[in-house]
Every structure is written in structure tokens, then in C-alpha cells.
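Common to both upcoming complexes is chain A, partnered first by chain B, then by chain C.
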Partner chain A sequence: MDQFVQQVVTGLSIGSILLLVALGLSIIYGSMGIINLAHGEFVMLGAYAAWMFQQFFGLGLFASLVPIFLVVAAFGWFIERYVLSFLNNRPLDTILATWGVGIILQQAVRLLVGGELRYVQMPSSLADSTNLLGVPVSAYRIFLFIAAVALFGLTWLLMNRTTIGMKLRAIVQDRSISASFGIDARRIYSLTFAYGAGLAGLAGALVSPLKSVSPEMGTGYVVDSFMVVVLGGVQSLAGTVFSSFILGEVSGVVAFLQNDTVAKALVLLAIIVLIRFRPDGLFTARIRA
Partner chain B sequence: MKGAAAFGAFAGTGMPHIWMKNTDLAVAANGEIKVGVLFSLTGTTAIIEESLNKATILAIEEINAAGGINGMKIVPIVEDPASDPATFSEKARKLVVGDKCVSVFGSYTSASRKAVLPVFERQNNLYWYPTLYEGRECSKNVIYTGAVPNQQQDDFVPWLIKKFGPKFYLIGSNYIYPKEENNYCKKLLEKHGGQVVAEEYVPLGHSEFSSVINKMRSSQPNVIFSTVVGDSVVALHRQYRAAGLDPEKMPMASLTTSENEVAAMGGEAAAGHFTSAPYFMVHKSPENEKFVAAYQKRWGADKVTHFVSESCYFQTYLFKQAVEKLAVSDISPNAIRDAVKGAETIAPQGKVRIEPANLHSWLWPKIAQAKSNGQFEILVESPEWRKPLPYAAYPGQECTEKGLVTN
Partner chain C sequence: MTTLKPAGNTGRYRLYRELAPIIIVCALVFAVPLIFNNDYLLNKIARYLVLGILAMSLALSWGYAGILNLGQAVSFGLGSYALAMALKLKTVPIQTGSAGLPDFMAWNNVETLPWLWVPFESLSFALLAGILVPAAAAAALGWFMFRGRITGVYVAIITLATMVVVNLVIIDQQPYTGGFNGLTDLAQLQIFGISFDAYGRSTYYLVAVCLTATMLIAFAFTKSKAGLIIQAIRDHESRVRYFGYDVGAYQIFAFALSAAIAGLAGMLYTVVMEFASPTFLGVELSLSVVVWCAVGGRQSFVGAFLGAVLVAGMQGVLSESKAFLETWTLIMGVLFVLVVIFLPKGLAGLGQTVRARLRQAKDRRDEEAISQVLKPTEGEL
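Now for the complex of A and B:
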């Protein structure tokens, strides 16, 4: 029984990290249709920002979360404004452009701060483990779970309960008609991209105490994020949540019964088979095409 | 017209060269000796290979500052193979064929060494490989200055069994190095009455260890024997600590965790775990103090030295010693290899020697425990240097001067 609970909790934890990392991609991909291959590098920038705030300003992780969000969001805004906005309705070029941005970011970080692994300290209040339902769980992983759910809630509110969110949804439905109602699509797109990038940065900062910080760290995250978004269904925030936790539980259980190599292969295979039969993912939002 | 002018110039100034044999093959021309430095500066393993590049360059600069080799300067030609085996092979060819380097220092991963091997064997050049590796190789075109399994494990495994108990959990990254090390570890366990409770491999670059940690928790081994490499080491240690496991009861014993990885994971996550290697930064010797001080002065006070960068450093000095013995006209990869057989130098870890039969190195095994300040404390030092046995796990096979012999 204990082992079962342990495994469920592990799956939830893996899922919450997936959700954290995929949320920003889901917003950008879902609402703007941009396949952002630089997403992993935004995650990496967030982790490096956490390291820099700690190294040069002596700020702990909690204190630097808001500045990290703002810094990476500002960066995302810049990229949208001066690169991607020139490539409207050219999805293939956008893929290439974001890929290039990703490479530039990786090398820039390497040139500026060096290629070695960096260390971000875990907040000492969360460094130990606690008991949850009779099984020992890392306190920091519980915090990550709460953070992921909170950020999802915030994003949902932003999309569904604010004017900006309403305008964004209108643009997603039909860009030209919403423009004729006086919605400034360019501005909304820039803000959305900035918000998605900021979320990715936050995710990078939050996972960095559990994992490692290096210029290439984004590569793994961008693959995971796309798996989550593709499985969950584009344009469905709820789908992102469900697919994160499904992937977390499945890969956790398979890794426990077999090993992580098998888990990775099986999960990828399952997603390929699934999108063969449900090309839009598990949850499809109804929109006018 | 241009051709005629060139011929004129050649006839005027270059005439004596006609009488020198192999003019275009001369590797030590104009008081310079060209060597290749082939460590990745970009890509996934750049994290560690950058420090190998730095240690090699430091040694070359020191040698040149002290007057070079018989008055000749070593000129390093640095290439970036971008952590990609195919690029390694391409750059190696460029260094050997194009630049006519007389030796190349390079590689961290076994995959990249295997990729460049055909180049060095076909061109009959010399590759200096500084990394600890899995053994089972007997090339006459490679000088191996890192530890092989018998040098890291012969003392380590019995010591772990005695101190913590017989049940081992083997965890490694999924490629050849961890599998060969575990293969040897299992032989030692059998010999010393240990047992394997699990043997598991995670994908390279893996960073989510919760399920692995659950398995460790439920199988309760005495020792976690780790050959996980790269940034996965950092993730494994941090998540082990966050999950509340105790290094006093179930320590990780690693062949791959160096000061470099400890700096990235933080001392508190590393504290209490063990590593076996021939060199640690805290090792007390005048040579090591000099090495650490020079390294930090050249590359930054926050930089660490570790068991691979140390090999990079001393192998460059071994190269110098070998070339020093040769007349300028005799300098060739073959002559350097013959001159380095049996060569000895006082390395930071102690006196090392190149074994003439298999071109591997005699090294000084040490066992150390990581401390929360990010450094190690050396607990056991082998009283004698240990002979390299690259085929220790394969009885009946031996690497000799003539090549691999199977009895």
C-alpha cells in the first residue's frame, strides 16, 4: 500500500514539473500558433537568472522569482517584437527563427558566463523531506506541485476573467474580425508571448535546485513540453494539465517497474500511436477554423 | 607567371630544403612544434571538456614560458568538436593531415575516442587520452593517462563491503562506460562476497530520479554504486538529498563524481558520499599545490581541478619529456611513442609512469569522501602505485607491446 501511495505521489511530482515547464509553451502554441523551439532556452534563461540573482545580489530563490519572471518576459517581448512579428502567418519560418534564437541564446550564455554547470541553492526551509500520507516526500517537490497548480490557476484566470484574456480569445477565434472591433492584435500577441516566456523562465528557476543548470539544459525540457502539449491538445489549458499528470504517472510507474530508458521510449511510442488516432490530442477545444 | 615567381622564390631561398628529407612532413619546423587540442567547447559535454582544454593549455603555456622543448615552442591548435563523435573524427583528421600535428590531446567520452581512433591508426599519429575509462582497448596510437577499472575499483569495492555491507545497487548512464565498469564491479563483488540487488541504466542527460530513488528506498541496498555521468550526477545527488535519504546508511559510491560535479550540486548534496580516483584537489603534495595555484591564477580563483584535468596537465609534461629526448629531425609520432614508453614524471597525484606494454599509466588509487565545503577528504591512499590492466575483467586477454593477445 505504501509503495502504491509512494508511486502516485512520485507521479504527481513528475507531472507537476512537466506542467510547470509546459504551461508557457501551451499558451504560446495554443493561442498564437507559434511553434516556439526556443522555449527550452527561455527555461534555461530563467535558471541562469536565478543563479545570477543568487550569485551577484545574494537573493534567495523566493525573493528573485518576480524579477526572474519580469526579466525573461521582457526578453520574450523583445523577441516577439523584433523577430517573430515579422513572420506572421509563416509557421515554417517561425520554427526556423525560434530554433535560431535558441541556438544564439545557448551560445550567448556560454560565452558570457561560461559552459560549466551552475549551482542554485535550494531554500533551506524546504531542503528536507516530510511525511505525506505515510510516505516520505521531498518538501521542495510539494512546493513545486503547489507552485505549478497556482501558476495554472493564475493563467486560467488571466485567460478567462480579464479583458486581455478575452481579447486574446477573440483573436484566436478570428484575427481580422477582432481587429475590426478595434483590438490591437500585435500588442496582445506581444504580451502573450512575453507572458509565456516569463512562465518558462519561472519554471527554469523553480526546477533548478532539483536539477542542474547548464547552457544545454533546455533541450530536454522543450521535448517534454511538446509531448505534453501535443498529447493534451493544442488550445486546451485543461488538456495541458491532464496530459502532464498522465505522462507523470505513466513514466513514473514504468520507470519503477522497468527503468527510465524503457519509460522514455514507451511514453514516446504511446504518444505517437495516440496522435495517429486522435491527431488533435486528448482534449480538443472547439474553435471556428 | 605567378608560378614562375614562386619557383624563383623557391630557388632563391628554399634550395637547401630540397636536401632535407621529408620537407613537407617536418613536424618541428621554424622552432615550433604543433600539437592538436581536441576538447569540446560547445555541446553537452563541454561542461567538463572546457576544463580539460584549460588544463592542457595551462601546461603548454608553462612549458613555453620555461623555454619550450629544446628551445622550440609548442603551438597548440585548438579545435572545437562540439560534443559530436562525427565532428571529432573530422577535426582529428584536420589536425593530423592538414595541420600536421605531431600529437593530439583530446576526448572525454569513450564515444569520441572510438570515433577518432581510425584516424590516428591509419595516419599512424598519436592521441593522448586523459579520461578514466572502461578499459578493453589496446591501441598503439593512444597514450592513456586516465584510470582503468582495476585502478579505481580493486581497493574501493572491498572497502565498501567491509564498511557498509554486501548489498550493492548499480546505477549508471546508459552507454558503454558504466556497463563495463559494472561488469568489473560484479566480478569483484562475487570475489569478495557482495551481491547486486539491482542494476539499472538511465538515459544520458536524464534528470528525473524519483522512481529510481523509490526503488532504492524499497530495495534497501548498503551501497549505491554510481557510474551516472554529466549533469545527471547533479540531479541524482540533489534529489537523493531532497528525498531525505541518509548517506550514512546508504552512501553513493561513485567513479565519476569529481570536484567539478560537486561544485554544481552544492556541498550539502554531495556531503557524505564517496568517490574513488587517483587524484583529488585536496591531495597534499608540492606538485599539486603548484598545479592548483597556477590553474586558479590562470583561469579564475573559483575554478576547481579534478581527476581528469590533472591527467591533462601531466600528460602534456610527459609529451614534453618524450620530445626532449629526440633530435629535431627525428620528431615523429612514432618516435614520441617509443620515447614515452616507461617515462615517469612527478604528477600532482604522485609519481606516474607509462606502462611500456599497453601505453596506459601507473596511478595512485585513492578513496575520498565529499564534504559540505565542496571538497573531498581523502580517507584511503594506496601505499603503492597500481599497474594499469585494461583487460582486468576479461581473463585470458592481455594488452601487450605487440597488441591484444588472447590466451
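Now for the complex of A and C:
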């Protein structure tokens, strides 16, 4: 029983990190159709921002969350404005361009800050572990789970209960008709991309106390979280949640039974098969065309 | 507007005009050893030429067939490993263990030669396998994708994921693949009594001959009927399907042909580098190939080849100092983004792109001039 609870908790923990990273990717891919290969680098920027705020301004992780979101969102806005907006209707080229942007960001950080590992301190209030159904669980991991769910809720509200969200959904359905109703698609796209980037930055900041911060840290996340988005289905935020926790649990269990490599390989193979037979994902919302 | 000209002559003229750069480049490649009399340098150049062949293989599937294979390095790596396995079994001082096992197997307590390795006792089998295994693997993956009418972005994702899986498996199965270290300490390749020393001229000429052959084969393919249909599929898939062509079959064929060329390049790479490593089928190499094609021109074999030689060569020259290399990666990234945005056809299409831009600008000026002239007349009415 303890073993089982332990497994479920590990899976939930992996899942909440996946959800944090995938949320931004899902919004960008779902609404703009851009496969953002620089997403991992936004995560990395967020983690470095957390480190910098701590190192140079002595700010704790909680105090720096809002500035981190703003800083990384500004990066995203800039990249959308000056790179991606040139690539309308060239989806394959956006993969290449965002990949190039990723290299630039990674290399720039390596040159400016150095390639060595950095560490971010955990907020002292969350450093202990608590007992959950007889299994010790680190308080920070519980906090991550709550933060992931809260950010998801916030994003859902933003998409479905605000004017900006409504405009974005209108553009996704039909760009030219939305434009004729006076919606500025360019501006909405920039804001969406900035928001997605900001979320990635938050994800990076939130996982930074658990992992060491390095220029390459983002690369692994982008593949995993892209798989989450594909599994969950484009334009389906709820699907993203389900698929992050499914993937988290599955990789937790397989890693326990076999090893990490087999877990990774099997998950990837399952996703390849899934894309082949259901390219729209498992939880696609049916939209009237 | 296009003006109609007698088809026969123009067609032949165009063919010559497209063949000329190929012939010039290949002639230059053969002339290099006459100028540089330095074995170390020749080995380096041979390496870039091999990477150029790899870039051409991607140009075939990406530029001509519209299939962006982000896992092109899988075919390259399979070819490389196929030859390395045969050469490993030929290493003269057989290291340790009974029955002439390769050294790393003995270290991993493997008792007998695994069945997968047995056929590689024969060099001719390995040479065939280096081309046919990647082609068959690509055909299988192509069948899986294109029969399901998977296109565009999803092809890129599936090929990328496949490569990660293959790479993980090869690193994980250390007793059979050498794991992270790859296959090192190989014998020299010997065909028809000629031995190919990595630092000898024979190897350089082997690479040059293979380069010329693949460039001509790839060029001939794009001029064949199948090649034309492939390009039509790239431009408008469903229209070709309505004409009754079996789109999937053509895509599978182009995908497999591209993999076969990449496999050949992989074998040559083993000869030139004298080892095979999991990095040969890693994400980094795969994405570099995409950069080379994008910079050089994805719809031109000569362009893709030169893109690879230029970019990889520049990287090689600068990698002597570490600080330079890091700055170079940054510059590379910026260059790549600029090329993607402004030169979708790469350097090979530079002239074309500039001409198109100028024409646009001229059209706009003309329109403005016309509207200037028209305005007062409207006023008079």
C-alpha cells in the first residue's frame, strides 16, 4: 500500500512539473499553431531569473515570481514581434526559427552567465516534508502540485472569462472575420505568445529549487511537454491537464518497474503511434467547422 | 508573364545550366588533393564532404519531397554502425575473451557473439546493410506515416521522436552496441585489395567518387517522372492524389532513397573518422543537417552540399579555441534565424529571392506612379 501511494505521489509530482511547462506550450501551439522549440529555453530563462533575483537582490522565490513572469513574457513578446510575425503561414519554418532562437538564448546565457551549474534555494517554509497517507512527501512538491493546478485555473479563466481570451478564441476560429470586427490579431498574438512564454518562465522558476540550473536544462522539457500537448489535443486545456498526469504516472510506474531509459523510450513510442492514429490528440474538443 | 518558347532547346539548355554547378563542384573536389599536400587537412576536408553528402540526402526529402525529417541522423548512424561492426570484427589484435569477441563485449561479460553481429563477419554484407538497412527502416517508418496521410509538422515530430528512441536504445544496450563509447579501435576498410587509411588519399578519392555519384543520382531522380511527381506532391498533395497517383508510395520511395544516401554517408563517415558513436545519430547532428540545408538552400543539391561544407568547415576551423566556438554557435543561431526569415531558399536561392523582392518593389513603384497619374483625371471627371 505504501509503495502504491509512493508511486502515485511520484507520478503526480512529475505530472505537475509537466503541466507547468506544457501549459504555455499548449496555449501557443493551440491558438497560434506555432511549435515553439524555444519553449525549453524560456523555462531555462525563468530558472536563471530566479537565481539572479536571489543572488543579486536577495529576493526569495515567492517574491520574485511576478517579476520573473514579466521578464520572460517580455522576451516572448519581443521574439513574436521580431521573428515569428514574419513567418505567417509557414508552420515548418516556425519550428526552425524557434529552434534557432533557442540556440541563441542558450548560447547567450552560456556566454554571459557561464556554463556551470547554479542552485536556487528552496523557500524555508516549504523545506520540510509532511506525512500523506503514511508516506513522507516533501512540502515543496505539494506546493508545486497546487501551483500547477492554480496556474491552470487562472489560464482557464483568462481564456474563457475575459475579453482578451474571447478575442483570441475568435481569431482561432476565423482570423479574417475577427479582423473585420475590429480585433487586432497581431496584438492578440503577441500577447498570447508573451503569456505562454511567461508561464514557461514561471515553470522554470518553480522547478529550479529541485533541479540544478544550467543552460541546457530546458532541452529535455520541450520534448516531454510537447508530447503532453500532442497527447492532450490541441486547443484543449483540460486535455493538457489529463495528459500531463497520465504521462507523469505512466513514466513513474515504468521507471519503477524497468528503468528511466525504457520508460522514456516506451512513452515516446506510444506517442508516435498515437500521432499516427489520432493526430488531434485524445481529448480534442469537437468544433463545428 | 511567361513567354512561350520552343520547348526542346530551352529544356536542354536548362538541363545544362542546372548540371553545370554540379560538374564544377565535383571537379573542384577532385582537384583539392592536387593543391593541398597535407594528409591531416585532406582527412578534415573529406569529413566535411561526407557531411555534405548527408546534407544532400536531407535536401532530397525536405526540399524536393517536402518531408522534413528531423531524424535524418538515424539513417546516417545506422550506416555508420553497420560498417563499424564489420570493421570491429576485423580488428587484428583481438582484445580479450574467447571466439574473437570485440573488447567491449568481453568487458560486459558477453560470452558468444550476439546473432545480430554474426552476419557482419562478411564485409560485403556490411556494405550492403549500410545502405539497405537505413532504406528499409525508412521505408517501414514511411509506410507507417504516409499510409496514414501524416504530413508536415507531424512528420517532423514523429521522426524526431523516433530518433530519440533509437538513440536511447543504442546507448542503453551497452553489451551489444558499445553504449555511450560507441565502436572504437576499428580495422581499416579493404576492398579489392585497396586499403582505405583515414589519412590516405585513397579515402579522399573514395569520398569524392561517392559524392559525385550520389549527386548525379539524386539529380537524375529529380528529373525523372517519379521525381517530378514527388515535387508536385510537395506543392499540392491532394491535387496529385485526385489525378490518381498513389501519393504514399512516392513519398515512401523518396524517404527511403534519402535514407539510403544518408546510410552511405554514414559508412563513409566511419571510414574517415575511424569510429562510430551514438552522437552520429543524435539530436544535435540531426538538427545541424537541417541548418546546413536551410543555409545552403534546401531545393538545391549543390546548395545543401556547400552549406554543409561551409558551416561545418567554419565550425571546425573555429573550434580550435573554446571561446570562439561558443561565440560561433551564437552567430550560427542568429544567421540561421535570419536565413529562415528572409531567405527561404537559402544562399542558393539568394539571386532568385533578391530578384523577386526587387520586382515587388518595382511593381509597387509602378502602381504608385499609375495612381499618381490617375488621380487628377478622376478629379476632372
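Heads up, the rule we're going with is that the second predicted complex is superposed on the first by the 286 of 289 C-alpha atoms of A that agree within 3 Å, B and C clash if a C-alpha of one lies under 4 Å from a C-alpha of the other, contacts with A are read in each partner's own complex, and residues count from 1 in each chain.
Methods note: a contact is a pair of C-beta atoms (placed from the backbone, for glycine too) under 8 Å apart; a residue touches a chain by one contact, two chains touch by 3 or more.
Just so it is clear, the structure is predicted and the values come from calculations on it, not from any experiment.
J.: Have a look at where A:W99 lands relative to chain B and chain C in the superposition and call it first, second, both or neither.
T.: second
J.: Using the touch definition from the top, say if A:M217 reaches chain B (first), chain C (second), both or neither.
T.: first
J.: So, does A:F145 touch the first partner chain B, the second partner chain C, both, or neither?
T.: A:F145: touches no partner chain.
J.: Output check: A:Y195 vs chain B and chain C. Expected answer is one of first, second, both, neither. What do you get?
T.: The answer is neither, since A:Y195 touches no partner chain.
J.: Check the residue A:T10 against both partner chains and state whether it touches chain B (first), chain C (second), both, or neither.
T.: first
J.: First (chain B), second (chain C), both or neither: which does A:T261 touch?
T.: Both partners.
J.: Tell me the contact category for A:W51 with respect to chain B and chain C: first, second, both or neither.
T.: Neither chain B nor chain C is touched by A:W51.
J.: Contact-wise, after the overlay, does A:R118 reach chain B, chain C, both or neither (first, second, both, neither)?
T.: First partner only, chain B.
J.: On chain A, what residues does chain B touch that chain C touches as well?
T.: On chain A, the overlap between the chain B and chain C contacts is residues 107, 110, 259, 261, 264.
J.: Where on chain C does chain A make contact in their complex?
T.: Chain C residues touching chain A: 68, 144-145, 148, 150, 152-154, 156-158, 160-162, 164-165, 168-169, 171-172, 287, 290-291, 294, 326-327, 329-330, 332-334, 336-337, 340-342, 344.
J.: Mind pulling up the chain B residues that touch chain A in the complex?
T.: Going through chain B, the ones touching chain A are 41-44, 46-47, 50-51, 174, 200-203, 205-208, 210-212, 214-215, 217-218, 231, 234-235, 238-239, 241-244, 260-261, 263-266, 268.
J.: Provide the residue numbers of chain A that touch chain C in the complex, in ascending order.
T.: Where chain A meets chain C, its residues are 35, 83, 86-87, 90-93, 95-97, 99-101, 103-104, 107-108, 110-111, 223, 226-227, 230, 259, 261-262, 264-265, 268-269, 271-272, 275-277, 279.
J.: Could you please specify the touching residues of chain A with respect to chain B in the complex?
T.: Residues 3, 6-7, 10, 13-14, 17, 107, 110, 114-119, 121-122, 127-129, 136-141, 209-217, 219-220, 251-253, 255-256, 259-261, 263-264.
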